[in-house]
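Each structure below appears as structure tokens.
Both complexes shown next keep chain A, but they swap its partner, so chain B is in the first and chain C is in the second.
Moving on, here comes the complex of A and B:
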């Protein structure tokens, strides 16, 4: 089922979704675009390349409150914070970011203990994927094509959207998407030409080139294992690193968190907050021992986690090539150039 | 969000506090569950750990020191942290008395591989404070329901001074039994000490357990491990038959928060128990 509307009717679509629940969509802000909960249907803006912060916040917010407690009172009086989630619509997510949700699913709900917060937020949410505009060149930092993700890859979306000039086409991908779409009666049916355009666009997306191509993930994992003890290599690539952690905060697949108690006067909240392996005390033990006191050890952890450990553990690379870490690094460290260095151009060729 | 939520601790009450050492910074806390069903659900084996949780202070991952054969309660031996890093949870716990209530999340991690240990001779080697989950294992194996499942049991346990030995009453009991060989040593004795003196590695060499159908379970400070392992290699133990337990900073304890990895393994959910053979496959990042 391919439906359509026009870009000028976007507020109408936004308003319809807001009526059904919570709408989270790209909004233009001073520094650039970000996903925000929409309060005014006119805020939604689809003329963007990608957001600064990844949409992982929709399922893994920077702060997730677990329990409220009062100091000096018994644990029996502490109260878990309920998650009262309305149906949520995550609107305008680029294909590489949609892929990140699937990678995170494996970690949070697909293996071992299920993380109830991630799972409940995922269940409550319908994802509107949105193809990149292939009339523009890919951003220099992006390499999702390297990782097998098409610029118009509908996989993982519940509804997938392609924009053609002033027309926005929406296609149902999953039963969840279908259930929602049938309720959006003001959308009209797309023409046969538009259906062809949509299908061609998706196919074309797999050939839309970003920075690099041809990567063998298993081989990369092995290369990083082999290079782990090469302190010279890691020192060299991390010489400018501020260990600031911005790469982890903007990353759609970074999931490290801290669990901390925040008490103000006697009122407290146990919550999880984003954390980063780039920080010195991330691994500081009570004994004073810390396995990663040097910047190079922490950058090594970050890079090896994404391109080696995660493959060993879950079979997938923990990266979708969105390019945010490279784009927002204050000292211009290019994560994929580290991979490039590490594998010494053996396993891919630069376009 | 209470049901099946691995982040919400269950309430427990301190029913006993034992001051273990003469420096008074290591105590054993016995907890009883405030909800009967929590007690029933808390099924553990020696080697597992739990998060001790005090709202307003935080959580600490601590190995379980009691054995599941001790019904009705669970024990943790906790050192007051704070010489280098201020230990909020351990300090708060040390300041609590019987009747105090805290939270508990667990059991977490993998146990000592009981099935793998069955029908084998077991050599338990412990040093200093790192004896807690070994004590759990020993008491488990010594229990009348379990003793016949294991071959000969040898325990080699050392501390710096006699006053720093943990579980002194139990050590004395084990020494009296004939179904366990107990070798206690201290680095340096005092006026009252009539037992053995000497470092753990040297004592291991002296005791010289046979590697035949035997598994060594070794926990201790890094320096002890460093000098003990070569002794066991010399004796002919394979890396598959030497087990240890790792520590890393942890938060969630369930393999989600990304903190305690060594290579692709999370110490909390993939460990903390590893064989030496398994550790050799991991990068030296701990």
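Moving on, here comes the complex of A and C:
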């Protein structure tokens, strides 16, 4: 089922979704775009390349409150924070970011231990995927094509959207999407030409080149294992690294967190907060010992976790090539060139 | 006079090679190729053969003095310094984090550096408004003369017009954007504390979650820790992924410090940091 509307009617679509529940969509801010809960239907803006913070925050927010308590009172008076979710619509997610949800599912529910917060948010949410604009050149930092993700890859979305000039086409992908779409009566049916354009666009998306050719996951995992103890290699790679947390915070597949008790006056909250393996105190033990004191050890952990351990453990690379880590790195460290460096000229070729 | 970036790059390569070959330096902190021309990277040359990778163009904003404290004491380091970066080196010498005799300063006289994100020229706005390095051993080019000098404090004009309430509202709005990635402190050559106060949990100075009060605690404390020490390189503001104009606060504090104590940070290795030095003629304005 392919429906359509026009870009100038976007506020109408947004208002309809807001009536049904919570709408989370790209909003223009000072430094760029970010996914935010929409309060005014006119805020939704689809003229963007990609957001600064990845949409993982819709399911795994930077701060998740668990329990509220009061200092000096009995623990029995502490109350868990209930998640009362309305149906949520995550609108305008790029195909590579949609893929990241599947990778994150492995950690938050796939291994048998289910994170209720992630799970509830996932279940409440309908995802509107949104194809990249293939008329503009790929950002130099992106490499999703390298990882087998098309620029208009509908997999993982409930409804997938393609923009053609001022027309926005929406296609139902899953039953969840279908249920929602039938309720949006003001959308009109697309013409046969538009259906053809839509299907061609998706096919064309798989040929839309980002900066490298294909990858061989087995070769990458093997090469990183071989190079693990090579301190010279890792020191050189991390010479520029500041050891800040930008790359992990903007990443759609980084999932490390810390559980903190934070008290303001006597009101306390136990909450989950994003953490980053690049932080100096990340693996600091209570004894005072820290197994990763050097910058190179921390950067190695980050790269090897995504490109080596994750392949060995779950069979897939924990990266979708969205390019955020490279784009927002204060010193322009390009994660894929580290892979390139490690796996010297076996299978890759820079386009 | 225009700056020839290519010429500076060639001189940087020649000097780096000479220093590494003669053993005068075991590492050279300079700039190298990134994933494209607009995105060069900080680069460390350890062997004469590494020198080929060195580049210099208008996007090489990095303050390489930030990396000095990473090397063990006694390491002979050659470091490429632009004007603000040389002030960072001087400040680190004043604070006894590095020794003058361990360093070879490759001074770069330059103006017209650009922010790759916005393409704007950063002279004066987020750097100290100087074009020639304050301290150097080898100058890679001719000193810049005749180029209009902007006061580093000019950009404060609009900020200073705001009253106390407006300023607080301004910073509250800016700090609410903060995601606590700590790129600002990590990019800062003067932020070398280990552990940083915000990472301590006994006592705990601020919350880890990116919420208003914790963000305010982190940034205001960091601003004050840098009072009289910030050398105005602007790296914190450029490192910020959400574009918080941290330089405004740093400049304001630097300006007041300069008025009160008659010295700007990192201008002479003979100076002592303003806030750790007591002089009988010190201003009492701070007590008012």
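Of note:
Note that in this section the second predicted complex is superposed on the first by the 350 of 351 C-alpha atoms of A that agree within 3 Å, B and C clash if a C-alpha of one lies under 4 Å from a C-alpha of the other, contacts with A are read in each partner's own complex, and residues count from 1 in each chain.
Assume contacts are C-beta pairs under 8 Å (C-beta built on N, C-alpha and C of every residue); 3 or more make two chains touch, one makes a residue touch a chain.
Since this is a predicted model, take the numbers as computed values, not measurements.
Room for both chain B and chain C is found when the two structures are superposed via chain A, with no clash between them. In the superposed model, A:182 lies in contact with neither chain B nor chain C. Residue contacts after overlaying the shared chain place A:309 against chain B, while chain C stays out of touching range.
Once the two complexes are laid over each other on the shared chain, residue contacts for A:337 go to chain C alone; chain B is not touched. Contacts of A:102 after superposition: neither chain B nor chain C is touched.
Once the two complexes are overlaid on the shared chain, A:291 sits against chain B while remaining clear of chain C. Taking the Cα centre of chain A as vertex, the centres of chain B and chain C in the superposed model span 90°, given to the nearest 10.
Contact comparison for chain A: of chain B and chain C, B touches the greater number of residues.
In the overlay built on the shared chain, the residue A:191 is in contact with neither chain B nor chain C. In the superposition on chain A, A:112 makes contact with chain B only, while chain C stays out of contact range. Touch criterion met: A:260 reaches chain B and chain C at once. In the superposition on chain A, contact of A:71 is made with chain B only, not with chain C. Fitting both structures onto chain A leaves chain B and chain C with a minimum C-alpha separation of 6 Å.
The intersection of chain A residues touching chain B with those touching chain C, taken from the two complexes, comprises 258, 260.
Every residue of chain C that touches chain A in the complex is listed here, in rising order: 32, 34-36, 39-44, 62, 66-67, 70, 177, 179-183, 185-187, 194-196, 199, 207-211, 213-214, 235, 238-243. Only residues 66-67, 69, 71, 74-76, 78, 80-83, 107-108, 112-117, 225, 228-229, 255-261, 263, 268, 270, 272, 275, 277, 282-288, 291-292, 297, 301, 304-305, 308-310, 312-313 of chain A touch chain B when the two sit together in their complex. Put simply, chain A touches chain C in their complex at residues 29-31, 52-53, 62-63, 140-141, 236, 239-240, 242-246, 249-250, 258, 260, 262, 264, 271, 273, 276, 279-281, 295, 326, 328, 330-334, 337. Partner chain A is touched in their complex by these residues of chain B: 1-2, 4-9, 11, 34, 53, 55-60, 81, 83-85, 87, 90, 101-103, 247-249, 251-252, 254-259, 261, 263-265, 269, 283-286.
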